[in-house]
Each structure stands twice: as structure tokens, then as C-alpha cells.
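Order as written gives the chain letters A, B, C and D; numbering starts at 1 within each chain.
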Amino acid sequence: MSQGFFGPRTASGRAALLPDPPWFYSGDLLTVEYRVDPERVRELLPHPLELADEDPGAVAFIWADWQSCGSDRAQLLDPVLGQYKEAFVVVRCRFGGQTYSRCVYIWVDTDFAIARGLHQGYPKKLGAIHLTRPHPYGPAPRVAPGSRFGASLAASDRRLAEAQITLLEEVPENGFVNAHPMAHNRYVRAIDDPSRFRLDEIIATSAAEAEGGPAYRASVDHFALFPSPTEELDLLAPEEIIGGYYRQVGVVWNGGRVLHDNLADQPEVQHA
Amino acid sequence: MSQGFFGPRTASGRAALLPDPPWFYSGDLLTVEYRVDPERVRELLPHPLELADEDPGAVAFIWADWQSCGSDRAQLLDPVLGQYKEAFVVVRCRFGGQTYSRCVYIWVDTDFAIARGLHQGYPKKLGAIHLTRPHPYGPAPRVAPGSRFGASLAASDRRLAEAQITLLEEVPENGFVNAHPMAHNRYVRAIDDPSRFRLDEIIATSAAEAEGGPAYRASVDHFALFPSPTEELDLLAPEEIIGGYYRQVGVVWNGGRVLHDNLADQPEVQHA
Amino acid sequence: MSQGFFGPRTASGRAALLPDPPWFYSGDLLTVEYRVDPERVRELLPHPLELADEDPGAVAFIWADWQSCGSDRAQLLDPVLGQYKEAFVVVRCRFGGQTYSRCVYIWVDTDFAIARGLHQGYPKKLGAIHLTRPHPYGPAPRVAPGSRFGASLAASDRRLAEAQITLLEEVPENGFVNAHPMAHNRYVRAIDDPSRFRLDEIIATSAAEAEGGPAYRASVDHFALFPSPTEELDLLAPEEIIGGYYRQVGVVWNGGRVLHDNLADQPEVQHA
Amino acid sequence: MSQGFFGPRTASGRAALLPDPPWFYSGDLLTVEYRVDPERVRELLPHPLELADEDPGAVAFIWADWQSCGSDRAQLLDPVLGQYKEAFVVVRCRFGGQTYSRCVYIWVDTDFAIARGLHQGYPKKLGAIHLTRPHPYGPAPRVAPGSRFGASLAASDRRLAEAQITLLEEVPENGFVNAHPMAHNRYVRAIDDPSRFRLDEIIATSAAEAEGGPAYRASVDHFALFPSPTEELDLLAPEEIIGGYYRQVGVVWNGGRVLHDNLADQPEVQHA
């Protein structure tokens, strides 16, 4: 019997790229929230997702520096297997009377993070991601008002985004755009007809458990999105900055549920 | 309407990680064929695939250095978008009275190659792959008898495999293990129950068109597989070397067909 | 007039790979101290350096995760310009009646760290370095007794070293092998006769300022050095483990002084 | 006695980052020649180098894809040790009545290439370099009129340069800017006074042997240099394109000679 949560599948499952969930994470989140024309969000939402009722053009650009592991914590002690960084863009949407967050773009720097994203419905690409890390000594910033953090994202040897923030004060929430369960699509194209989907479902997922330090509101001293022939981030260029946030967190992820099977319910959207 | 052959899907489809098929490739293939205990192959074949009738323990370890592109050739001129290398392990299997090749392990060094592999049913991980390139001048080898080529594979900062071959003479075929259509599984786990599959199908795929130079038979001067806590290559250590091969090729890939839907036909294998 | 602390030198100096010293660092240090046959240390010490009087076979293998910057702190906010990791091997030696530490092997993962090392006499290569980072939330370890940290080093796609430690208790010192000023050679070969040195001097250098948290003594749960055709770490395989250490520090580096000009004083060693 | 052409130096020399010269290379060169205001070249030439008499504002931007090795060819068969790519900018200058080429900026993607550059006086940084490779089959270009090649350079996660050319016809020379012996500075700052040089010499170096296929003149379909806060390539933006070139070559490098010792002859330039 083949074993393994994700390929390659083998008799023992040892070669699998991913351990079974739950998955555990420690990490730092640097967030810039801003507004775009809601039409820029709408055009990224596949049917039947709709714009959120309130502040529908709100966007969160988030950098994260993670250490992750499975239940046996093995990846923490061979850290090339568990550390990764990511940068991602979140909008909000509405389905079945509920508001969801939704990741529309995401870059990570390891294969296991790509594979987890495929399971979770994140549209992952590889990128080069850097963000200032807090440190208790020397020139790096403490997690405290007045501290400055920077972040950058590149892919295919082009810089795509960069930000600099200064922490201002503790606040109750780490922003509002990425605060709902995620509504994500999972797609697989048919092998014999690439215009047809073999799987097209909308799933909802969120952290099973979460802890963390205080959230900090931050001034956004610099935020820039750059054009690229293979990206569309420039279509999400900010019209108005809402604010910055910084928080250190611990998270457990352990699955989700199907919101909608686009193939079963809506045969008219099987063709792209 | 969302566009894009692979995520992220957008209004224009420009940000998609993959262009629509067909996909075009130019590349060099360095192959080592050898035999293992057929039981080592059998345990890698999920039901209902069976061992090949002849030489069932034959394995091909292949390194490839590719330049790839979509129909508009754009990736050739911005080569970070189209060049990649891979190392992969192929066995043979039997289904419905036909013999197929099957990739059981594969490492590549770009995200677009991972994504194409997901569509095609290759169990891709990221790796560091190097192989000697032929060159008409200086110390690098020509494509000619007597020339020596080396190759290596590493993943997660561990060397997994290395080979050295010497070209001997032109031969009609570039080995026999990777010479059939591929029979690959495409799997997606259910988001609400990771023990259940949402998609589990066996597809057949092969090159739509192929051209190439002469195949060369080669002596295998060195071939080694190394252990790793996250890999099982050492279970495929050679009992007997069959031979080496080297060939330069051009290939077009343009889809495949479903051989078997494991969920529809065999509900008893929905649980891993 | 050409400007720039390190090449490329230009009219403005802006393209220089390094800013002028002083250089500032925040980082975490994971150390394994152990003993080898002192002859293994002696053969790494060029004339006129001699073995240390006490515990001459003591070795420190150190992993470090750094954020670094120049006086204007610019690299902290564009962190691809300042973050790097390193793994290095330190022994002790004696010169002019004083005991010095000396780095005999070092791997880093950025070009600016290589360039700083050339100025400081470190024999740097590129490597892939990972070490567990402390974190206040989730599965990653706190900086506290009982916490476990792992580390790995690879170069040229081969794993060279790995370690796992468990913090035990606060101690006054972060080990003793890397506790002295460094005595390093700076070499440049003559362009017209590679058997002759154009520069061969021994310099002494140490931190200009340092701060830090408590040092922790740690058990060494795992420590392994692996062979490689282009490395000699296996010659420094431990005969006896002394212990592990962990400490977070802030450091300022601002130059050193010449201990010995091998060309001026010892013409007989100009030829290798 | 310590051995090794370049650090780390050991009893056997096996760990050295570089083998002894001569060094052997096989590679492909994609060149764009163009003109800038000669003042932009003059400000990059340290005393006593002067502008070339003819066409003093001519610049060559060159991408190269190399396989390299020492006398025993070992790096060809473990190709992670010998393959690398580079992008570099060459101008011309005059010294002692002779015309020299001079590399003013260069990026490579391996440590051994950085180390060789230090010996040869190239101001190397790490970069990400890609260039289309010729191939006899499939969509990649042949080395023949009408074939198109592209190239890109990035460093610190920013794209710095890109080019696209179309081969036109065989020509006798592969451009003229990089056609002279190189005049390069080798610098080492004093460890106790970074405003003072411990070594500052101008050396001349060129290939000891060279072979190659025909040079091709090419149209320059696209050439762009991008700004970066840590680079000055934008100061060398083209005022007029001269032309493109493409050639495959084999080269041997085996040392050079000192043209000028700036410290001995010109004490007034010891201070930057």
C-alpha cells in the first residue's frame, strides 16, 4: 500500500514531501494594509465569490518568517526541512452570507511550503523573501515602539515588492483583512482537455489554534510594488495606505472544509 | 472570468505560473540503467499497477538539462523563466495489458517545473542538479565516443546521487526503461479528511513530438546513491548496472489521457 | 578619485560591496566544543604560530545567524543586504607569548560576508547554513533550559556538518576556544609567480564592542562531520566532546592590527 | 607547511577553494557593445590609467556561461565544482603607451569564481545570471544566423541588466572592447587603518591560450540597465549601441604580470 501525505508515495511514506497534518508554525508577520479600487479585487474573485460588504477594496500585503514542523517536531532540529519565508497578498470576499479572507498571490522559498499551499489552495510560486528579524542585542530592532523593520520580495530575478515600517503602539488586532477564515480554490486541470477542470472546489480553512504576542500598529514609511512581465502586482498598487502591523505568533493548522464544488453544482464553469 | 492554466488565476491570466500547453523542450539526457530486486519496484507501484513482464527490476536514473517554453517561445529569451535541470528515477509497470514507464522520484530546480510536474503526475521536489554540458571548444566534452560526463543530485543540503559515464558508441536506442508512455498518478487529498482522496487517477502521457541526435551507449564509471532521512533512494541501490546512455533531444508535450479513476472504480482504495 | 572600501571602486563609492567599518552585528551563536589530537591543530597553523599551551587540541564548531550593517544601518531595512548565516571552525594558537583564537574553516551564504572575511583574514567559502531560531510562540524553542536547537552545514551540494543541542543552564562564558582575539593570515599570491606571495601577514582582530544575553551550557545530543572530496573537516572529527553553548549577542567590529609580516621577516617562507 | 593556492590553507592543500593555475574554460559569450560619454569611463579609471585614444567611451557588456577546471579536469566530472555564469562590463584604458581592456563591474554565481577573480583583479560580486544556451534540437537556438539569444543579470534580488540579440553573420572579431590584455587593480586595505592600502597594484593578464568557433555579429533587439541603490550601472546607460556579438570559446588562463605598484611609486595615492 502506498503511503505518504503528499508525493512521492512509497511503501513506508518516509520520502513524502509533507508529514501528515497537523502542522505547527512559529513566526513573525509584517503586514501592510491598504486600499485599491474594489474592481481590482472583484476581478480576482472567481464565481461564486463576491466582494465583501464593507471596505471591499482593502488589501493586506504580508511578509512572514516561519519555522514549521509536523507532530514529531523533526523539522525543527534539521531546520533546512522546516524554515521558510513567504510574502502574500490577501483580500476579502463573501460567500453564503459569510466574509472570508482569500490569498490571491503568494511566494515562498521552499518546496514543502509549495506543497502545503497546494493542499490548502494557496497559488504558490517560488520567490526570494527577506524581512528584518527582531533581536534582543545589537543593531537589529527589538519588538517595541520605535523599532523599524524592512521587507522585500523578488521572483524570477526581479524585485516585486518592498516595505519599511516603524512600530508605534500595541493594538488589539493585527489588521483586519487577513482576520477571517480563508476561502480558497483548489484546481486540477484535466489531463486530456486542459480547458476542463478535473477538480475545482472552494474550501474554507483557518488556524486550528493560535497564540501570539501583542500586535503593534506601525507607520508605513515605504511601500512599493514593481512591474514584472509575469506578475500582476502592479494592478494592486495602493490608492490609500491603511496602516502597518507587526506580530509574533504560534499557529497550528489542521485541515478545513469544502464550501462549494464548482464542478458538481455549476457545470457551466467547467470551461475556463 | 478567471484565466490561467495554473495558479494564480487572474482576469488576464498573465500571472499564471504556467502557459497553456503545448510545452516545448530542448535538452540533454544522461541516463544510468540498472537492476534492483523487483520487490523494490513492486512496492512503489500503487494498485492496480503491476510489475512489467520482462526485466521487472530495471530502473533508469536520468539527469536532464532543459530549456523549455510555451508556444510563443517567450521563456527562451528571458531564460530564468525556461531553463531548469532535473534528476529522476523511472521504473516500468503494467496496466491493462500494456507496459508503461513510471517516474517514482524526481527533483527539479524551478517552480514552473514543479507545477508542470503536478499536472503531469510527477512527484516533484526541489533539488540541486548538475550535469556536465557538452561544448565544442576547451576542456568540456564533445558529444562523441571517449567523452566523459558527470552528474550530481542533492536535496535539503544532502547529496543524494552522483554518476560519471564515458561515451562508447552510437546505438539505436537511449535505453529501454524510459521508452514507454508514462503511467502516473495524480492525487489530491480531501481538505476535511486527509485520509481520503479527493482525486486519485492514473493518467498516461508521452511526448507529442520528439527529435534528437544519436543516442550513445556509455560505460558507467561511477554511480552512487546516498542515504537521507527524508528520501528512500537507498532502497533502489543497484544490484547490477545495465549501462549508461547520453542523448540530446527536442520534445513537445501536449497532454495525455486518463487510464483509471481510482475513486470511481475502486472505493476501497480511497483510504490510504 | 576612486572610492569604496572594497571593489568595485567608483567615483562615488556607492557600488562598493562593503561599507566602511565599523560594522555592526546582531546574532545567535550555537557552539560545539570538542577535542582532537593536537597534531590535527598543529598542521593547520602556519609558521610562526604555535599550539596553545593548555588544551591545545580544543576545537569550537560554531553556527551563527547574523543581521549586519554599516554605520547608517541601511542594510537592516533592505535585509537581503545584511542578513547572513555562517558556520566556522576555531582553534587556538600561540604567538609572541599570547594565546589567540584562529578560524581555520568558514562557510557563509552571501558575497558581502565573503568580502568582509577577506579583509579580516577568514578563509571563507560559500555554504548552505541552517540553525534553529529561538521564538517566543509556537513550536520553535525559547532561549531557556530544556530547549533544543539543531544546525547544519553543506557546501557544493554535500552535507558537511550537523549538530543538535539541548540548553541546560546559564553559565558565565560562551565556551573558551573562541574567547581570544583572532590571529589570522591575509594572503595574496603574486600574479606572475603563483608560488610566491605578494602579501602574507598575520593580523590580530577582535570585537570592538560586545553585549549579549546569558550564555547557556548545553548537552550535545548529536554532532557529525561528513567527508567531502574538497574539504578536510573529517580530519577534525571529535575524539571527545567538551560541551555545547548557546548565546545571543550584539557585536561591533572595527579593525585590527598587524602581528607579523611574513614577507618582511621571513623571506624563506615566501615560497609555498 | 601550509598548502593551497587560495584559502583555507591546510597540510595537504585539498581544502583550498582554488586549484593551482593554469585554469581551463569552455564557454559561450554574449556581448553587447555600446558607447557612453567618455567621462563615465574616465571616472572609473584609477590613476595612472587613462582613457583609450580611440573610441574612449566604448563599453562591452558581456554574459558568459562557463565550465571550468584545473589541470586534472576533476571539476568537469563533479560539475557543481566547475560550472558558473557571469555578467561583466568592460571598458578600455591606456597605460605606458599601450591599450588595455579593464573589467569595471562583474557578477558571478559561485565562490570559486569570486576567488579566481580576486587573484585576477576582477571586482566580483554574486549575482543571478541567465543566458539562452544554443542547442541542436527543439526550440532553443542553433549557433547560426537568425537565432535569438536572451540574457539577464540580477543581484540582491533586483534585476540589473537584460539583453536580447539576433545573430546576423559571421565576422572576424567578437567585438573590440574586450580584445586587449586586461589591466586590473588588486587592492587590500590595511587592517589597522582602512584609509590606507596594504596592497595596491595594477596587473596585466590575458588568456594564455584560446580557441573558438566563428564570431557572429548580432542585432541588439533589446538592452536595458536598471537602477539599484547598491549599483552604478545606470551611469553606464548606452548613448549609442555599437552592436552585438556571440561566440563559443575555449580558454586557458595562467597568470599575468605587474604593470605598476601604486604603493611603491606613488605614496600620495595610498589614502583613498
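Some notes on this structure:
Going forward, a residue touches a chain if its C-beta (ideal position, glycine included) is under 8 Å from a C-beta of that chain, and two chains touch if they have at least 3 such contacts.
Bear in mind that the values here come from a model prediction, so they are computed numbers and not experimental data.
Considering every other chain in turn, the ones in contact with both chain B and chain C prove to be A, D.
Note: the chain lying farthest from chain B is C, by mean C-alpha position. Between A-C and C-D, more C-beta contact pairs join the chains of C-D. Two copies of one sequence, chain A and chain B, touch each other mainly through matching residues, since over half of the numbers at the interface are common to both. Rounded to a whole number, the gap between the C-alpha centres of chain A and chain D is 41 angstrom.
Rounded to whole angstrom, the centroid-to-centroid distance between chain C and chain D, based on C-alpha atoms, equals 30 Å. Between the Cα centres of chain A and chain C there is a gap of 36 Å.
Multi-chain contact residues of chain C (touching two or more other chains) are listed as 78, 80, 128, 130, 152, 157. By the touch rule above, chain D contacts chain C in their complex via residues 1-3, 5-12, 14-15, 17, 20-21, 43-44, 46-47, 74, 78, 80-81, 104-106, 110-111, 114, 118-121, 123-126, 156-157, 185-194, 198-199, 201, 203, 205, 229-232, 255-258, 272.
Partner chain B is touched in their complex by these residues of chain D: 24-27, 67-69, 73, 76-80, 83, 128, 130-133, 135-141, 148-152, 162, 164, 211-213, 248-251. Contact residues on chain B toward chain C in their complex (touch as defined above): 128, 130, 152-154, 157-159.
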